[in-house]
Amino acid sequence: MRKQLVRFGISLDQQLLQTFDRYLMRKGYATRSEAIRDLIREALVAQEWRDDQETVGTITLVYVPHRPGLVRQLTEVQHRSGSLILANAHVHLDAHHCLEVIIVRGKSTALQALANSLISTKGVLHGKLTMTTTGIPLT
Amino acid sequence: MRKQLVRFGISLDQQLLQTFDRYLMRKGYATRSEAIRDLIREALVAQEWRDDQETVGTITLVYVPHRPGLVRQLTEVQHRSGSLILANAHVHLDAHHCLEVIIVRGKSTALQALANSLISTKGVLHGKLTMTTTGIPLT
Amino acid sequence: MRKQLVRFGISLDQQLLQTFDRYLMRKGYATRSEAIRDLIREALVAQEWRDDQETVGTITLVYVPHRPGLVRQLTEVQHRSGSLILANAHVHLDAHHCLEVIIVRGKSTALQALANSLISTKGVLHGKLTMTTTGIPLT
Amino acid sequence: MRKQLVRFGISLDQQLLQTFDRYLMRKGYATRSEAIRDLIREALVAQEWRDDQETVGTITLVYVPHRPGLVRQLTEVQHRSGSLILANAHVHLDAHHCLEVIIVRGKSTALQALANSLISTKGVLHGKLTMTTTGIPLT
């Protein structure tokens, strides 16, 4: 993957730039370019998801694993959506709570339907779909 | 208010820039500078509100005006918070529903408390606090 | 508009209910029913907007009124979208900044296009579209 | 962990209830109780994070692993925050892009600082902090 960097100028009011420079430092950015690239990519990822393109997300679930049938039910939903799922990670938060992260890839409507189906399962205490990207249009 | 524009360069990968240029056109921006300024200001407004600075917002309420006591109750809450309120606008959505927008200015925690108090009133069907800015640090 | 109230039971774990009751008090709700109705309506308004139904919103703009041509440009955009606009409110934040709220009604895609067009205008420092509702499906 | 279920009644207008019932079906909920529990928990998780309580989150990063020094830099940031990190998962999205999910636990301000530090690293194309919960107050 050869990348070709393009450089261009933007103009900003001096006071706005000073406020932005303080913001960068708080957020830990080394350069303005990097911070602006992140703002641009964030806007583009939101657009990707609205356009129902092929994209990538993570589904985070906190649940009570001892609830009868729950783990089997979550597993079945995932098996039926096998082609959307790339990987899973699992941690025991305490004796009664688990967190699972499922990394998914596909059209945004399909990922949202899968997330709805998992999050609405009884015994799942909290669930969220996080929208990210394949990275390809952002490189 | 004399403004001094500063011009500086940022570097972006060519492919990312092409994707961003398509995004700009869809959003109606005439120049990259203007689109990037908007992304920067959006990030700064969010920070202003997290920092509990003096700021500006709008509280949007949809409610049922014929509900006994409701209009009086909303008016009383607003009178008690008089110093936070700059202006109001009101429209009749239909015979049974009103929309009111209240423009407010103050510390973000005070604006949030006022919004909570109005939104939780019985008969208010939907309410939202929109976070914007005095404009001063963004000029 | 005659309304018919329906009462139904829901079950909640005791500890979750206690946490929810503390939340209610902080938010200013008088009853659990009212707080739950608000959570339900909030979820339904988000769905209304995703479904591109006829809906209502507010567009909040902070801008620099002395910028040559800006007020005329904002006015023209609004005139071209006349049928979407219900009302306006305007305040002078200080000598150099105005806030305008435009109350709009229509399909959510049309409201988003109008908001994009106003927010991307040069001289508009910050703009936001707030999604609310005609109230009809929420009563 | 013995749980004690409490049952209580809420009243809703008939039309609102019908709209809510359609929403439930679309989202895949089997019962109103389960859907309302999810709305309640979502509101409580947002409050947990605002209150800076001990909580749980996931940090999702999409990055270019071949960028010199990047993997080492991300690893170092994580080692310095070792006590906040519970687990990691990693997938290769294609030859040039990786996705990593880091499961974190701690005060919400500490988790946000760690997320800022990872997301602002050059070569990270997109990053997000997802706020969830230990599950304890939501059971």
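Labels A, B, C and D are assigned to the chains in the order they are written; within every chain, residues are numbered from 1.
We adopt the following convention: a contact is a pair of C-beta atoms (placed from the backbone, for glycine too) under 8 Å apart; a residue touches a chain by one contact, two chains touch by 3 or more.
Treat the numbers as computed from the prediction; the structure is a model and nothing was measured.
The chains touching chain A as well as chain D do not exist; no chain touches both. With contact taken as defined at the outset, there is no chain that touches chain C as well as chain D.
Separation between the centroids of chain B and chain D, computed from CA atoms only, is 26 Å.
With centres set at the average Cα position, the gap from chain B to chain C is 9 Å.
The multi-chain contact residues of chain D, meaning those touching 2 or more other chains, are 26, 41-42, 138-139.
Judged by the touch criterion defined above, the protein chains form a single closed ring in which each chain touches exactly two others.
Of all the residues in chain C, the ones that touch chain B in their complex are 1, 26-31, 34-35, 38, 41-42, 45, 56, 58, 60, 62-64, 86-91, 93-97, 99, 101, 103, 105, 116-117, 119-120, 122, 125-128, 130-136, 138-139.
Considering their complex, residues 3-17, 19-20, 23, 26, 32-33, 36-37, 39-44, 47, 137-139 of chain A touch chain B.
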